[in-house]
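A, B, C and D are the chain letters, set down in written order, and residue numbers restart from 1 in every chain.
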Amino acid sequence: MRVVVQDAPFDPGAELTAFSAGSAGVGAVVSFSGIVRDDHGDLDALEIEHYPGMTERALTQQAKTAMQRFGLADVLVIHRYGRLAPDEPIMMVATAAAHRRAAFQGSEFMMDYLKSRAPFWKKEHRAGQTEWVNAKLSDEDALMRWHR
Amino acid sequence: MRVVVQDAPFDPGAELTAFSAGSAGVGAVVSFSGIVRDDHGDLDALEIEHYPGMTERALTQQAKTAMQRFGLADVLVIHRYGRLAPDEPIMMVATAAAHRRAAFQGSEFMMDYLKSRAPFWKKEHRAGQTEWVNAKLSDEDALMRWHR
Amino acid sequence: MIEILYFAWLRERIGIPKETWMTEAVTVADLVDELRAREERYAIAFEDISSLRVALDQELSSFDAPLSGVREVAFFPPMTGG
Amino acid sequence: MIEILYFAWLRERIGIPKETWMTEAVTVADLVDELRAREERYAIAFEDISSLRVALDQELSSFDAPLSGVREVAFFPPMTGG
């Protein structure tokens, strides 16, 4: 299990290669990467604030929960903070398991959690203006489906 | 959209990097890779037979269906045939979309399809013996959930 | 004249990957009956068609489908890709 | 004495990322009342606590939770990671 919170850029493909190499014996690896989108062509940067200490703690705890709940062989979480440009990767999650269903579910579970329970906040910079991104109700709903 | 059926090995991480670079403007990329498992420590090789012509055709058709159904920006499918060693990647699927749910669903849909509708057959080589892998009822069930 | 292809254990049981066959069969099931009548290895291979799948001109189809206009018929066990 | 942390727009409205505060508050809600009474920027920032979240010693918690034994309280808007 590996949880990384960093301001430096990273390459999801290279991380996937390293993660897979470290997961001998598994049959299925799923990865998710989230990328800075510029829907209106006017985004200068996405700024990500986080809560040092709590972030690592919360992500580690959730990765452990995912490992146990879905019987995963391994979990990787990388999340950036600081100032990011459009098309840069923001974060990635990868899960390794014997079978595909567990790997998919583990990654979706991690993502739904990350979106609304890990202490990150996004601020958009557009044409000299800044605006905090609002939490989406749909993200809260997505998380609720895991509560049995 | 890219569909590749090949006997040569491939690196899912490198393919993910190339796929992501080609998908500017998307917010979410999901990848799945399937790897040769050796559960009992006695697998010499996994042999994969396919139906040249129909394979490419079936995968391309399904990738188009996935693009449309889930509003994907891009889909990648790579599937090997021939003789593979334990821990070698068998295949991968990657999907790019604006949001995570579509990217996850697109990849799961492609995988469920691939497992029981694309013309591939696996044969296990163990200690000089060979055995064709039986189709799993659970794979058929997995596919059925997409039939609305 | 149609081209018939066999895959996986069906190919192994019949002993060839493909052959050309002159047929009067109206449906896939009729063609299977013709093949079964040829030789025992066909009769054995096609004993239980519920464990087999068929593709007509590279599209998955069913055993009651008509053969009219079809050039390539493929028989194989359930697929195990991915 | 507890450490209070603010994040995102809450941090910007209050104007500082953290501060140490001497409190007699029994619950988080009591602490919020104390802060609101200090200065208008606090009153405005904490106007609607339904739009805020709280963590006690780096664990998500709720506004009716007791503060006893807590060293670090963090207030912030709903999270938007991923």
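Just so it is clear, a residue touches a chain if its C-beta (ideal position, glycine included) is under 8 Å from a C-beta of that chain, and two chains touch if they have at least 3 such contacts.
Quick caveat, the model's predicted, so the values are computed rather than measured.
Asks: Going by the stated contact rule, which chains contact subunit A and subunit C alike?
Replies: B
Asks: Centroid from C-alpha atoms only, then distance subunit B to subunit C, rounded to Å. What do you get?
Replies: Computed value for the inter-centroid distance: 26 Å.
Asks: Take the average of all CA coordinates in subunit C, do the same for subunit D, and state the distance between these two points in whole angstrom.
Replies: That pair's centroid distance is 72 Å.
Asks: Distance-wise, how many Å sit between the C-alpha centres of subunit B and subunit D, to the nearest whole number?
Replies: Spacing between the chain centres: roughly 48 Å.
Asks: Specify, in ascending order, the residues of subunit B that touch 2 or more different other chains.
Replies: 34, 100, 111, in rising order.
Asks: Can you tell me which residues of subunit D touch two or more of the remaining chains?
Replies: 82
Asks: Could you list each pair of chains that touch one another?
Replies: Between chains, contact exists in these pairs: A-B, A-D, B-C.
Asks: Which stretch or stretches of subunit B touch subunit C in the complex?
Replies: Listed in rising order, the residues are 34, 48-51, 53-54, 57-58, 79, 90-91, 111, 114-123, 132-135.
Asks: Going by the contact rule set out above, which residues of subunit D touch subunit A in the complex?
Replies: 5, 7-9, 11, 55, 58-60, 74, 76-82
Asks: Which bits of subunit A are touching subunit B when the two form their complex?
Replies: Residues 11-18, 20, 24-38, 87, 89, 98, 100-101, 103-104, 107-108, 111, 142 of subunit A touch subunit B in their complex.
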